[in-house]
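The following pair of complexes shares a single chain, chain A, combined with chain B in the former and chain C in the latter.
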Partner chain A sequence: MSENKDVFLSNLDNIMTVRDLKMHFPITRGLLKRTVGVKAVDGVSFNIKRGQTLGIVGESGSGKTTVGNCLIRRLTPTSGDIVFEGTDLRDIDKKTMRRMRRTVQMITQDPFASLDPRFTVGDCIAEGLRIHHMISGKEAIEERVGHMLEMVGLRRDAASRYPHEFSGGQRQRISIARSIALQPSFIVCDEIVSALDVSIQAQIIALMMKLQEELGLTYVFIGHDLSVVRFISQNVAVMYLGKIMELTNSDELYDHPLHPYTQALISAAPIPDPIVDRARERILLKGEIPSPIDPPKGCNFCTRCPYADDRCREEEPAFVDVGGDHFVACHRVTGK
Partner chain B sequence: MQLLKDLFRKKTIGGICLVILILFLLVAIFADVIAPTPMVDGNLPMDVRAGLQKPFENPAHLLGTDRLGMDLLSYMIYGARTSVILCVCCTLLSTVLSLVIGVLSAVIGGWFDLIVQRIVDAFGCIPQMLLLLIMMAMMGNGIPQMIIALAVPSGIAGSRMVRSSAISVKDSGYCDNSDLLGGNVLWKAFKHVVPNIMPLIIISAAGSLGGVVMMEASMNFLGYGVAPGTPSWGALITGQGRELLFTAPWLCIVPGIAIALLTFCSSMFGDAIRDLLDPRLKGGVGSYNTKKLNKVLARLSRPSEAAAAEDVA
Partner chain C sequence: MAEVILEVKHLCEDSEMRAVDDMSYTVKKGECVAIIGESGSGKSVSALSLLKLIPYPPGVIKSGEVLFKSRDLMKLSNAELEEIRGNEISMIFQEPSTALNPVMSIGAQIEENILRHGAVEDKNLSPEQRETYKGMSIPQRARARAAELLALMDIPNPETRLRDYPFQFSGGMQQRAMIAMAMACNPDILIADEPTTALDVTVQAQVLEQMNRLRERFGTALIIITHNLGIVARYADSVKIVYGGKIVEDGDVVQVFRHPHHPYTIGLINAVPRLDLPPSRASRPIWPKSRPIPVPFPSGAGTQRKNAGRSARFSQRWSPVTPAPASTSRRP
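Coming up: the complex of A and B.
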């Protein structure tokens, strides 16, 4: 286990390395005001290669958005290291963090809430430039905004209009333009296509991939749509109840899923071919995701796993490489 | 400038109201020049024998006279000085105060919010009139003192409303996003929160303008207003107007109309500005365009005519 992690760190291609990240939210409850921790993220490790995309999938409440918020230091993790380009994001103070926002950006889910209705589109995109005093002069800013609009596939004259005049997909393009205007190298995309129509989703994904190629961006792509995440990501992490269950490159994950949870997820995703879809075997999970306040002993997935045995209920499986950069946390796979 | 142009083109009534408000202000400023009978040594000339003349009877006293024979028109013009200036200053001061307290309280949050809101609560516990009287007793009579005494408590009370709407803006997606872009608290407060709660601020400020005149009047009535003898609309209503309500109703009606006009104009002007500042409305919705009204009325009347024509056929 420990050797594995050192191999993780020594790789210089990694733009970000996350080790044993934990984010526990304290809540007080009951008559005695006991403080219990909601273990939203509980020991997550991965690294992200420069210029690539790491997908994070999982059902609601699995902690994927919390991971995203920790990566850009919107939340201060309870413990663990987040090393970005050689600096540990856990140690930086508020001022440095604000400066970091230029290189580490986030695009959020809801394009209808994320743009100020009183800003013109141009002002929205220039907001970051103005905050960081990156460009001065009205014309220089206008030029930059126009360039950004063209990059995301909108017309230059959109700058003088207001956000309410645009559709959801266009607004998401404006959000993207606002983020890339700061010339970041790392972007966390938090469910950026979930609020959009399927046809628009494809356009936005294509745009994100084009921008990645042109600007050499690194993405963390958080989503719950498996096919979308597979399409854009080189590596995919499957999260369940605050832990990564399986992590490998996307083709390997979808073709040979090892963890029972991954298998269940993939079998639940629709296949656009009714004959294949009817013929395949479905793995149906029973019950709901357990509460992160009181996760099960042993393997987090043992309450819903069809293969769970006594060992799974007692002992937590380690997150190990089973060969070919395929990491998985399951007793059944890693051997008895 | 574009705003002013839009105001007259799209919101004609709002524009007219602005003109009336400016007229009020000019009258207040140039009272000495305009008044038919100017002040002598800081007092309006009195003539008890010419007391209680009705309006429009004597061209020398167009709006009539009061019990002491003071010319009512001159009194109103000099009263504008007290009332209009008091209103405008007071409303501006209290709006700025509630804006600063409310927005900072909402945006900074945490302990700061908790402490500031308890102070606001403490002010709210004291009856407003009592608070006014205490402040006036401490500071003495006079217009600047009255402005402070009227503006501070209402500004503090208003901050609560500002805070609650500022909190909802602060929690919105675009405020979170300015965090993500690296903006600090002040950026968030002045770039996002203040512009987005502006409609509410404008409306409440415009609405409270008329209330100030009446507060000033009730303070005069209790003897804590402006220096005795200084003309003011409120003082006229609560003084002679009230006493002689049945014998000389014009002493109440004339200042009453002036106060109503001031309140109405400020409300309509505020309303127009609010609509014009909202990019989503673009001054289109709620614009008081009489042409449009005529069109709607014409359309409404048409079906009945058509029906009548059918009946004939």
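Coming up: the complex of A and C.
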């Protein structure tokens, strides 16, 4: 991996560079109350280009949400670097951190839990504006809130109403308005469409893409639905048990998936066209994702991989570039 | 042509709102029928109505017939229905963790169904099964049958796992145990209400593949209720698109997906991003303007008022399909 480290840091187009990020949570186990680390994220590296979207796809327990939480520094990583706009988020002082909180935003999955039921929609959106002293004056704030609501396709008079008066899709729009009101440059979207109906999903995705174009935003789009993630992202990282298995641009990922897990994931996601889907080759994985408390020795995927051999069960594969910014962690692909 | 096993005629469910409004369809033996709709479309209520599982009050089945083996299920008493539920027609629900009883072992829950319907009594056994279960008491047979079912669902060490409680099973295994339970009496029809929504994609693929294998092996008709167009395309024979309590499009799976006629169907199919098409070339999402939510009626309203309300509701709902604004195009 060492030869790749410098490649990761060299490109100035990158708004964020993450290198060997690890997030371990201590838990006590067993009769002796021994403390072991749950390796929720275990050595993840990627970089994100300005104005683009990095998709992170994985099953539950893969650590994708933990990565998102580390990127906004809601969690302090155990080790590794997160360089955002040239500053390492791991060692910044409180004041810089506060500034950073404005430019880096997060939108979460559950629009019912993320909005305070006792705040009007207007207050929700204005709260951040007041905290960061971005504008002052009641009228100016009202004007700004109204403008934000219009940007996300809601009416200005929504500001005086309460979150419970809105449907799931509308609430998600309110969450988006609240984030973009602070003029961020970077937004982590954690499963933002998973709780929504398909037609509403399409609307929210279209809205996110429109805002990205208009405001030049950079997204990290976390999801479990490969077709949605691929649709919105330029690059996609496939995570499994705290590690990135494959990282490449979204077309390459579908056209030439190299990692057996990516291949299985693509095969498991049905295509909504009966003729196309029924003609596809089907790869069925055995079993389920192991617990991150007890990850297997060697390659994390070896317990379910149809090609696993002795080496996979002993030695962990390195995450290397196989050419054309296509990173993969698999002995079978990288050989030797 | 396979024999029609279930015929639903003009089913209407009514309470504060009319969730199911004049639905008719047939299910053939061994067929996989998919009922597709978004939340609030009435797809789940329509399935629950088939076995009169709608809580009353407030739910009332206003009219309609559900013909199964030349009997109208809507006219049967609760006791008669209990003989059919879990036996000839069984059901799988979305959340296996809430559908399973947390204080009963998995084995006890599967055996309960087997014993309730006498599935291991001599008269209900095939000659080979009679041979296998020879000399066993009824509870022993039930246990053996439960283990057999878990093994059929690819759960390792079925005999040991029968003693486990639901919390010791993962989500995918819980759903497999639910299917084992539903298949215990070799039903003619299996109704699956969002069976894999709570599962991860790779596990979803496993569970669906197993359900399909069971359907082929035992000739069970499968009614699958879902919002996931992908799994419908993969497994269904015929498709019913539900919107606002009505079936707006009904047809063969290839016909509906390849040549949809109804604007809602077209909108729905276009709203789903396709994995096999590069996003830049994929069709832009087109979606119906408003959501299909049945509007509540004021309680105590007479039929006349209801009908007036309904016509207003429909015109309001059927806003034309609008294409996405040009600015949603992908990538600069």
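Side notes on the structure shown:
Keep in mind that, in the parts below, the second predicted complex is superposed on the first by the 331 of 336 C-alpha atoms of A that agree within 3 Å, B and C clash if a C-alpha of one lies under 4 Å from a C-alpha of the other, contacts with A are read in each partner's own complex, and residues count from 1 in each chain.
In this text, a contact is a pair of C-beta atoms (placed from the backbone, for glycine too) under 8 Å apart; a residue touches a chain by one contact, two chains touch by 3 or more.
Just so we're clear, the structure is a prediction, and the values are computed from it rather than from any experiment.
With chain A as the common reference, the superposed partners chain B and chain C fit together side by side. Here the vertex is the CA centre of chain A, and the angle it makes with the centres of chain B and chain C is 80 degrees, a multiple of 10. When the two complexes are overlaid, the chain among chain B and chain C that reaches more residues of chain A is C. In the superposed model, A:135 lies in contact with neither chain B nor chain C.
In the superposition on chain A, A:215 makes contact with neither chain B nor chain C. After overlaying the two complexes on the shared chain, residue contacts for A:201 are found with chain C alone; chain B is out of touch. By the document's definition of touching, neither partner reaches A:75: not chain B, not chain C. When the two structures are aligned on the shared chain, A:227 is found in touch with chain C, with no touch to chain B. In the superposition on chain A, A:127 makes contact with chain B only, not with chain C. In the superposition on chain A, A:269 makes contact with chain C only, not with chain B. Think of it this way: put the two complexes on top of each other by chain A, and the tightest Cα contact between chain B and chain C is 9 Å. Under the contact criterion defined above, no residue of chain A touches both chain B in one complex and chain C in the other.
Residues 38-39, 170, 172-173, 200-206, 209, 227-234, 236, 253-254, 257-258, 267-276, 278-279, 282, 285, 287-288, 291, 324-325, 327-328, 330-332 of chain C are the ones that touch chain A when the two sit in their complex.
Chain B meets chain A in the complex at residues 172-174, 176-184, 187, 191-192, 195-196, 278-280.
Here chain A touches chain C in the complex through residues 59-60, 167, 169, 197-203, 205-206, 209-210, 213-214, 224-228, 230-232, 234, 250-251, 254, 264-278, 282, 284-285, 288-289, going by the rule given at the top. Residues of chain A touching chain B in their complex: 72, 74, 98-102, 105-106, 108, 110, 112-120, 127-128, 131-132, 162, 164, 175, 178, 182.
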